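Chains: A, B, C and D, in written order; residue numbering restarts at 1 for each.
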Amino acid sequence: MIVEMAKGASKEQINHVVERAHSFGFEVQLNLGTEKTVVAILGSDTGKASTDAFAVLPGVEHVARIMKPYKLASREFHPQSTIVNVNGVEIGGQRVIIMAGPCAVESEKQLTETAKAVKGCGAAIVRGGAFKPRTSPFSFQGLEKSALKMLDKVRTEFGIPVITEVVDIQNIDAIAKHADILQVGARNMQNFALLKELSKLRHPILLKRGFSATVTEWLTAADYLLAEGNQQVILGERGIRTFEDSIRFSMDISSISVIKRFSHLPIIVDPSHAAGHFAYVPSIAKAAVAAGADGLLIEVHPNPEEAKVDGLQSLNIPNFEKLMAELKPIAKAIGRYI
Amino acid sequence: MIVEMAKGASKEQINHVVERAHSFGFEVQLNLGTEKTVVAILGSDTGKASTDAFAVLPGVEHVARIMKPYKLASREFHPQSTIVNVNGVEIGGQRVIIMAGPCAVESEKQLTETAKAVKGCGAAIVRGGAFKPRTSPFSFQGLEKSALKMLDKVRTEFGIPVITEVVDIQNIDAIAKHADILQVGARNMQNFALLKELSKLRHPILLKRGFSATVTEWLTAADYLLAEGNQQVILGERGIRTFEDSIRFSMDISSISVIKRFSHLPIIVDPSHAAGHFAYVPSIAKAAVAAGADGLLIEVHPNPEEAKVDGLQSLNIPNFEKLMAELKPIAKAIGRYI
Amino acid sequence: MIVEMAKGASKEQINHVVERAHSFGFEVQLNLGTEKTVVAILGSDTGKASTDAFAVLPGVEHVARIMKPYKLASREFHPQSTIVNVNGVEIGGQRVIIMAGPCAVESEKQLTETAKAVKGCGAAIVRGGAFKPRTSPFSFQGLEKSALKMLDKVRTEFGIPVITEVVDIQNIDAIAKHADILQVGARNMQNFALLKELSKLRHPILLKRGFSATVTEWLTAADYLLAEGNQQVILGERGIRTFEDSIRFSMDISSISVIKRFSHLPIIVDPSHAAGHFAYVPSIAKAAVAAGADGLLIEVHPNPEEAKVDGLQSLNIPNFEKLMAELKPIAKAIGRYI
Amino acid sequence: MIVEMAKGASKEQINHVVERAHSFGFEVQLNLGTEKTVVAILGSDTGKASTDAFAVLPGVEHVARIMKPYKLASREFHPQSTIVNVNGVEIGGQRVIIMAGPCAVESEKQLTETAKAVKGCGAAIVRGGAFKPRTSPFSFQGLEKSALKMLDKVRTEFGIPVITEVVDIQNIDAIAKHADILQVGARNMQNFALLKELSKLRHPILLKRGFSATVTEWLTAADYLLAEGNQQVILGERGIRTFEDSIRFSMDISSISVIKRFSHLPIIVDPSHAAGHFAYVPSIAKAAVAAGADGLLIEVHPNPEEAKVDGLQSLNIPNFEKLMAELKPIAKAIGRYI
């Protein structure tokens, strides 16, 4: 941590900073500039300390971090890339993993029809929402537990892993029993009570980025999942909130390379939630694969017009088929496959 | 809802839109422009329907809402301003309600000392965090249930209501027993599982705005709280995430008048979390009162240097005293009092 | 335009809206809902009228556009995609056009060395800044007119078109004489005085997106360039300002497909200014090509360490060579070439 | 400047950083942490050097500034607050200066009527646009030079200074002759060619904040104006672009106290452009005065319905009168007057 003293800070104020650093067990080095004094606070655990603990002291103008606030998710402490194994499907390896299926499970027929189709096109994992966090209390809230059973049936019948979202602590056990990957949605990325419970599992967790979380906050939230020893964490980029209003969320395509630089965790991209409209999904999906994403999470519905949730952003089956055919040569062009 | 057809949309496509509107029980009126057809979909319940249900249809270019997606929080359906009564303290009336206290309850001594001081300066409610949602798993997480008991003791001893945050469903009952207002934090504004449970209570709830939620989303989340009949909802503005980096969050001062125009619910402002630094708290607090906020939520600590959480944004007691003295004439200037 | 009246608006207020619409020569259709009246204002020129002209009238709650505020840049009025021809190099056709070179021209040697190298790798156009808009008055401001002569020499010697930025009206003629494409930088996207002058030229213009301009504002600015008959307009996406702080600007990858849907103009992407760091340039560049961009604008410097401007975001020549080799198979995978 | 080396950076890489710092004439101090080395680069002129000059070197992970990139606008180098004198009207003193008038000058009658009314209510300066930067080329562009003459007549007749916007270099002389304050609009905040010319004048300049400029960028742009010796610079906050869509721009009320902390320049607030709607202007105006702004810039029109530009955000004269009556006790409450 770098503590910048205000111009004219007194010796006592500087000493106060030094003493506080010592009280945390950190080392200190003073940099006496012509205008200002800068106190460098050193030690591998400074990332865990709050900058506020120093910024609050008299005579301090600004405090900047050197060590990142996350540790377990950081590549500095874990240089080798993590590969998450979902019943034999590897996320973070050479194969680009396509997860596809309906936003919400609406019926056994709808789920089965979609699962069969997406598997046939090369999808490696089936998605389907059982519990739906909806912005309006008047909207469809999901089939809940009966949807879990349908997902379970699909994974057995088609031999394909399934992913579904967990929205509260109460349902963790039920979901863990019926699904292969538990997804934490964007709105829950900083639901720390939920993250702490999930950390106790050994199931793979997909942690979606909050739509206004920085990459640093996202990786710090991942630390919650990793804290109790669960190493099966996948990151999910799904667009961020910006001023641009032609699209629901702006896909932060750069986060793929930023994550690859600073973290060892695999990252997948959800073009459907970013786009909010099926017309934009293919372009974003192709960009994500070319940029180096380890997979995609795509909403597919046999009849988007009749979808109970997010039909507008869902691809119908022919459009999904077409997209998969377009994605494969791009994956090949960058030395991967689908 | 206004459905704009693409240029050259066919009669069949227009009819398809009309039929869908009829299937929801809505009325329809066609507007045949020279370039485009516009279908107006009318009815008081169109706010509950998703725009996607129409946007997904072939030949549709864009769908715009007329009715807002929230209803119970809307002034259209409830023209009179709501006053929330907290054991005799009215929020939304002529008095500007100051809620003050430590970010986190750290000890009985710290809480009592602060409560005594802030009450002495004119604060109407004492705040204090028992359960703390922290961005890093390595940070202090609050004294939890023992803090609730300290809050309970303070409210009895000083005869002043207390407010504290609820972070998960499990602890709702315990908090409802010991506190007068339950606060939903910004990160939980769209934790719908939590909101649904709180809706069953009859306790006043402070719903803080998510730091990247629009005003419309905030009021739609308030509808969750109001849906089961709890009318005791207070809105809490605490700044939004923007590109500006000199301050933690940008205080959206305009939201006060926007809320007053579109909703009947009272609104208070938290200058401490927006500022992130005590130096900016007084200016924002004064602005909020002048702009018409019904109250303030201010962090005060007897010794900010030693605070376990957010010391940097906490006022010490002399600074809080000074601020209260400055706020009173402003309240008077706009015809209110503190 | 759709004018939503407030609940309880009077007949007189509605008539007032209708009369105003008629005074502009627009047609009107009334939609009498159960809760509210909606006035549809129809006509192909409504895009040119300000929504304010109606929003300001008593009893009006909200006004929404149907026709976009831009017209000349719109695909509705010009369905066929525009191909801009730069001395035989076609932008918007099947070839993905790579423009590469130094941020600022620093010397004849630096420019020539870079031009030779990038042409050798397959770049179709050479870039180089002569006039530099710098955020600080203490920074290097460009070699100005002497740089223009170096660019001119390069285009003659290597038979390759050159692009450079125009920052004020005074230098338009000099730049038009020595360069093939005139670039309007992000900070000048809404410098309407400059756009009006450029509209009188017949040179290709690259209009970079302002870093906080919406796509709609960007296309409306393009209308300024097209208004006097110059049809040679290329759009340049270079990232937008968001809250994310790991990168200089967030590349808005979705804008490529949004632009392709709503406009006939070609679009190129500048990964260098978005990234702000060379490490992120290749990933963004690959994404842009896969997403359907018609070209890229990449900063290359023979020795980035010694660059006077933006060295951090510049690729050195070996890294540019490597990137070009990676981009070619991606272009091929989507049916294009470089 | 603080240069953070990557974990495992070599001695040669560290030496390279040190040598570069020495080459700029800076001092260096090394901080050898257990995990990383941090190089502190010291000297009062480090603010003028680009962080890129170090970030580009091999083995460097991150570079943070200590000295701000602006200098002349900084309170560190000019501790005393600046008072700008506009023909006897002091901006930055105890009086809160209200500048009011039409967005665009439309006729002599309109301007005179407005000027008379606003002066009568206590406005100290009259505003009126002669040259209008409009987002669409089809919109009214201002009366230009004939408007300047009307402004000149008003200032003579009413003995009140006038402010108008300058949009290009060509018209600086004409405007300087007829107006007392030259306003640089938000879209031109980083039009450096324009700023450099204005720096040569001795007229007061109002520099509006770009709607997506940080406070740091704003003050750095002010350095352009101050660089040639013009000390008469006023800052103008007018809202920033955010995701919130209920209002045109989000008023960054916090910037008032941030500016007061880091700069000696006076700051005024424009609630009209932020709000975009007259209904929100009074609340924001009151907040700005309470927060410590040195003045306000308010759009007033005798008949907003008929305004050619921005009628929706203009107050009519009775509403302006009412607002002035409300502002005066607030100014008094904070020890100032209007």
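Methods note: a contact is a pair of C-beta atoms (placed from the backbone, for glycine too) under 8 Å apart; a residue touches a chain by one contact, two chains touch by 3 or more.
Keep in mind the model is a prediction, meaning the values are calculated, not measured.
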Problem set entry | Fraction-based call for chain D against chain C, same above half, different below | same
Problem set entry | Of B-C and A-C, whichever chain pair has more C-beta contact pairs | A-C
For this session: Name the chain whose C-alpha centroid is farthest from the C-alpha centroid of chain A.
Result: D
Exercise. So what's the Cα centroid distance for chain B and chain C, whole Å?
Worked result: 39
Seminar exercise, completed: Taking each chain's centre as the mean of its CA atoms, chain C sits from chain D at a distance in Å of 26
Problem set entry | Distance between the centres, which are taken as Cα means, of chain C and chain A, whole angstrom | 31
For this session: For chain A, jot down the residues that touch at least 2 other chains.
Result: 212, 241-243, 245
For this session: Quick one: which bits of chain A touch chain D in the complex? Just the residue numbers, please.
Result: 2, 4, 7, 27, 29, 31-36, 38, 40, 42-44, 62, 64, 66-67, 76, 212, 241-243, 245
For this session: In the complex, go through chain C and note every residue touching chain D.
Result: 48, 50, 52-53, 55-57, 69-71, 133-139, 167-170, 187-188, 190-196, 211-212, 217, 220-221, 223-224, 227, 241, 277, 304-305, 307, 310-313
Problem set entry | Complex contacts: residues of chain D adjacent to chain B | 212, 214-216, 240, 242-247, 250-258, 260-262, 274-275, 279-280, 282-284, 286-292, 326, 329-330, 332-334
